[in-house]
Amino acid sequence: MEPKRLYALLRPGNPGIAAQAWRAVHHALVALGIAIMLALTVEDWHATYGEPLSDVFDVIAGFFVLEYVLRLLAAPGAPGAEHRGIWRSRLSWALSFGGIYDLAAAVPGFIAIPDSRAATLIGFIWVFKYVRYSSGLSMLERVITHARQALLSVLLGLVIVLLAAASLAYLLEHHVPQPDGSYAFRSIPAALWWAIVTLTTTGYGDVIPQTVGGRMVAGLVMVCGIMVFALLAGILATGYAEEMRRREFLRTWELVAKVPFFHNLGATLIAEVARLLRARDYPPNAAIVRRGEPGDCMFFVADGEVEIELRPQRLRLGAGSFFGELALLTGAPRNATVTATRTCTLLTLDIVDFFELLGRQPELARVIHEEASRRLGPGTPVHAALKAMIAHDREPAA
Amino acid sequence: MEPKRLYALLRPGNPGIAAQAWRAVHHALVALGIAIMLALTVEDWHATYGEPLSDVFDVIAGFFVLEYVLRLLAAPGAPGAEHRGIWRSRLSWALSFGGIYDLAAAVPGFIAIPDSRAATLIGFIWVFKYVRYSSGLSMLERVITHARQALLSVLLGLVIVLLAAASLAYLLEHHVPQPDGSYAFRSIPAALWWAIVTLTTTGYGDVIPQTVGGRMVAGLVMVCGIMVFALLAGILATGYAEEMRRREFLRTWELVAKVPFFHNLGATLIAEVARLLRARDYPPNAAIVRRGEPGDCMFFVADGEVEIELRPQRLRLGAGSFFGELALLTGAPRNATVTATRTCTLLTLDIVDFFELLGRQPELARVIHEEASRRLGPGTPVHAALKAMIAHDREPAA
Amino acid sequence: MEPKRLYALLRPGNPGIAAQAWRAVHHALVALGIAIMLALTVEDWHATYGEPLSDVFDVIAGFFVLEYVLRLLAAPGAPGAEHRGIWRSRLSWALSFGGIYDLAAAVPGFIAIPDSRAATLIGFIWVFKYVRYSSGLSMLERVITHARQALLSVLLGLVIVLLAAASLAYLLEHHVPQPDGSYAFRSIPAALWWAIVTLTTTGYGDVIPQTVGGRMVAGLVMVCGIMVFALLAGILATGYAEEMRRREFLRTWELVAKVPFFHNLGATLIAEVARLLRARDYPPNAAIVRRGEPGDCMFFVADGEVEIELRPQRLRLGAGSFFGELALLTGAPRNATVTATRTCTLLTLDIVDFFELLGRQPELARVIHEEASRRLGPGTPVHAALKAMIAHDREPAA
Amino acid sequence: MEPKRLYALLRPGNPGIAAQAWRAVHHALVALGIAIMLALTVEDWHATYGEPLSDVFDVIAGFFVLEYVLRLLAAPGAPGAEHRGIWRSRLSWALSFGGIYDLAAAVPGFIAIPDSRAATLIGFIWVFKYVRYSSGLSMLERVITHARQALLSVLLGLVIVLLAAASLAYLLEHHVPQPDGSYAFRSIPAALWWAIVTLTTTGYGDVIPQTVGGRMVAGLVMVCGIMVFALLAGILATGYAEEMRRREFLRTWELVAKVPFFHNLGATLIAEVARLLRARDYPPNAAIVRRGEPGDCMFFVADGEVEIELRPQRLRLGAGSFFGELALLTGAPRNATVTATRTCTLLTLDIVDFFELLGRQPELARVIHEEASRRLGPGTPVHAALKAMIAHDREPAA
């Protein structure tokens, strides 16, 4: 198979059947490999089923060697790798983070042949194999990266509280034995164990302050712990909301970019159009557009589903579709009734906002007018306002 | 009783007295049934009061059989079920999620007759009976469904941390005995128990790392635990805020749809009007509108209560009401003073915004004008601006 | 003292010295009373210092009797109580929530005379005395009240998880002894104790599942616990943000209402003006306004402090003040330079936005014009645009 | 070295190599000092390595004495200290919070000479040395300060719950022994220890209610605990989001203030311009601007990176840069194509918004026009609209 097709086969989001089958086998083998790794550490099972389990483990490890080779072969098929030579792109992949990880994941198979237990243990890194296929994790990573500074500050605060708590508890408790006679606060490093267990509100209960002063410090540390928790939650909530807003905009941008007569616009102009979209929620069964009404906006389905009553059949559109786009070009009345089949969110592009934008963006107006002429044919009337705008635009802008 | 009335009787939100009585009996029996189920598992009580409690349990189980039959009979009365035959709509309900659950809830009564304890235990599924009546749970369900992808990513991260922590702790601690001499980290599955108890900061204290390295891993796991917490809180906070905003809009939409002269508008036009509403908060006793002032907007009560001083009596309006709507049609001065009785939130529809919208939506202007003429009668003057707008609208839109 | 002055003395926010002294004594006695109540339950201290502590306790209880009498006397001085008779307003206060609570707080003094320990214990209700003086608690109460429905749904979910977890754990563990030989899962009510301790991630460690199945259920319950936490955090964060926004608006409203020439406006017009305010943050030492610049907006200090360089002295304005208001009336150049002394947030009312509002609100324009004429005297020129607007306003509105 | 240069060297954010080297040494010594302090409290290590560790400890303490002296010498070099005399500015720094802290941090060196263990312990205050260098902590401090009132209310609520829980648990449990025979609820202060451990969901497990009533109270306290958590998270999330928004604005403000032809504007005018900026996200490789397109806005890079294709080389601009600014002055077509190299956020200043602002702010228009004439030279045409505006501005404003 040539690199391009192989690369496509291995690409996480590929909806093809072969790619799905690959993913199913891959995910199942990762799960199985980890399960065997877990099982082999249980003394009884190791004694009874050790041999066959080790064999299966080796087969799975072999599979990851195969995957490594396949990904190495596929490397020249990655987008942007055409300019480089075949071997240079393979080397560059092998040295990338993903390449090194895949190599590490292929290693247990080689070491495990003489059945060393430590090698088996390496199997737990296979769980990271799932990371590549999780689109949500990359989002969380972005959130954490952006809030890095604030998170580090909270961690610094946490370290300060830990040290202060451990020092104070050491001062107050280092001569006081625990109920079992041990001296759990005998040094600050030992007191730090108590402090982290208390600050995170884990509370194992193996070390408990015995003096009144020590218990007051403990109470303060616990309250600090829930404050730290709350601060982290606040920081991550804000970052996540911001990331969602950003993702939302990019999704809107892509929605707009999919409409045929916006295809040729630059990113800024598409962003300009996307900025005009307004989200509106509709209850189930609401009539969004009625046949014969004047067409004054176009719609993008952001969430939910709508039904278009085209005689004789009905058409259902889900998230990512758009309808009513002719309104922007011709201003003709609606030629079908559209109903929300369930609660849904539509983004609307109002013709008034759109023309206002055209008035300010002569470049956009020209592209749209060309598109309209081309699509509608000579017989159909272009929207009067659009025609006027283009005529006006031929004069130099003020 | 015919299916339609029976269906209405059983419908969760029905404010009628018969329906409320039904709900009271239903809720009480669910609570009683669960209480008996709990009590029967206590050895002493079972020995002493087993017989009478079992009898009451059977009666309650019988009630759920009755409820199942009633809901089966009522199925043809559901909205949208008219087209189908009586038996087909019953079968379709019986196979729905609610139908199967109600059947399962009716089962314990049949099994429990020979007093098998396991059957009694099934009674705990009765607690789900309350779900049908809780409007908030459906909202939480929507929030969780929408944040599904991010939540799953966090869970994947959680699994990764768990496996990594358990493997490391196993490596560091599997030869180190606990204080009581047991080997709690003897295998990775055993170490996983420690890891989940620590990561969720539950900290039972039955398994505690004894080496310095193990305690460092434990500290890291605890801090990861509060990060996971915080991430979940952030994700759900964002989703909940978004859901509240959506719900708020739908509520605004419904407020507008209730005003008589907006009745005949389509969903989009109502959404257009709803979008113009602006929330304003008023302190207690603030005069919102004064008799004789020019009428420049209409008001919807979103929260709180206002008092209208109509001579001779006073009228109080709560959430969901509206007032000042004549201002949109006639522009006549206010004929009453309106005061906020406590801190309240009103949504205002400004006449200027409204007319701007009418100018852009000829369809809406026509409907409103017709409504105005019909409601005000020939003698009363329609608002000058409204009249002008309609006249203008007869010419083709630019 | 007459009721009005007495009422003012007792009012929580009163900044007068007498009122502050009263509060200091009150707060100190509440704290002391609770401290004594705590101390009297310690066997040793009760034996040693019981007598003198009890005496002080009685004195404090006596103080609350005095407070009750004072508040009863002050009741007719409350705003809005003038219409009712003296005794009716006292009775109405005595039957209000605050009155009944204050009576309950006065009781321990009477019961405690024979030194009954239970009576002493009632002292803990004194801690609620602080509630009346905490303005933040009323805000939290509003947040919780508004999110009531969602919170109840989460609690219902919590109950469902508890019952399901307890039932499952009972099934799996009721024949398995704990390490100390007891049967902690011997009944569902007993299993519920384990379930709540685990679900809230408290984890005392007195009851721990011993089977693999039971530990899997426990892991699930812990993860559910952090989800419940996160949901609650999300709900309360959203509610709190909403409440802050509301409070912010009311604060803005009050800022505007304090400006002399907005005094006579109704609540709606003030809200209309408040809506025009835009928050702007300034870094420390930034020149906000320079002497001689055209005056194009007025400023309200929302947070921080500014310094006005009036020759010869300098004037500092803190949160709640405003400056530059003459710009709205005369349009004259600034007569002083204003600098931010530290990072501060100002709300600005732009003259252009303000005149746009005046154009739409003839009532407001008239009031402002009258105010301008009155304040500026015949010699000073009124802002040209303002004059024109009033002239225009004399004609009927379109 | 003169105070000014010394001050710059010690300033946290200084990017110079000497300053970075200073910071590296400083941070390393703080970490080492704390590590030694921790190690000296461990009996074994103290016995074996006590002497050399103490010596290093003394050296580090000596370093902090040096730092104190340096900061004292540098004090007259602080901005704003020029007016005061050298000794007055030193005294003022010595009495400031930072000065007193640095003195305290210098103390252990003097006390520790006779090797007193308590003196060594003081070393833990060195951890606060990091605070000065953490920009995020000051932000968190602002968040907590702003939410002070709400946080205190939650703490008051927490105290109320603690007292109520301890009193109730004392009533129900004070005669019931724990499994080990002790009476853990023997007094309310003792019960308070249980209450705080339970309310914060720490759950050491040393004190556990034994009666059914006590366990019900415990369950309630745990649920209250997660509510308190959730409230704190909500409050801090709201405060943090607000603080981020504020910081964002100040950053935007600084972005604008860096553009040459906005240099001479006052803070209000820059804020006015900053308010016009609109954030837009671009996907990787999107063409932001194409050579030859009409220039209709200028861009600020808020996040990410763009590439400008200037023949013959390419130029990359990161966060904080701007481009396309000539569009505001001349309206000439773009002279280069600009592409996003990765997902990035740009702030755009639209020429239409900008001219609208100029129309309202004659002062700004004048400054910009002067700047344009100066920068562009006599040959280049100034933007027609800008020229017109200035001409118009010479007449008195309406």
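Lettered A, B, C and D in written order, each chain numbered from 1.
We adopt the following convention: contacts are C-beta pairs under 8 Å (C-beta built on N, C-alpha and C of every residue); 3 or more make two chains touch, one makes a residue touch a chain.
Note that the structure is a prediction, hence the values are computed from the model and not measured.
At the subunit A-subunit D interface, residue numbers used by both copies make up under half of all numbers present, so the two copies contact each other through mostly different positions. Chain centres here are C-alpha means, and the one lying farthest from subunit A is C.
A separation of 38 Å divides the Cα centre of subunit B from that of subunit D. Each chain gets a centre from the mean of its Cα atoms; for subunit B and subunit C, those two points are 27 Å apart. Counting partner chains per residue, subunit A has residues 189, 201-205, 229-230, 233-235, 237-238, 241 touching two or more of them. Contact residues on subunit D toward subunit C in their complex (touch as defined above): 149-150, 152-154, 156-157, 159-160, 163-164, 167, 170-171, 179, 186-190, 192, 198, 201-205, 208, 215, 218-219, 222-223, 225-227, 229-231, 233-235, 237-238, 241-242, 246, 249-250, 253-254, 266-268, 271, 275, 360-363, 397-398. Every residue of subunit B that touches subunit C in the complex is listed here, in rising order: 34, 37-39, 41-43, 121, 124, 127-128, 130-131, 134-137, 139-140, 143, 155, 158, 180, 189, 193, 196-197, 200-206, 228-229, 232-233, 235-241, 244, 278, 280-283, 286-290, 293-294, 296-297, 331, 340, 343, 345, 348, 352, 384-385. The residues of subunit A lying in touch with subunit C in their complex are 201-205, 230, 233-234, 237.
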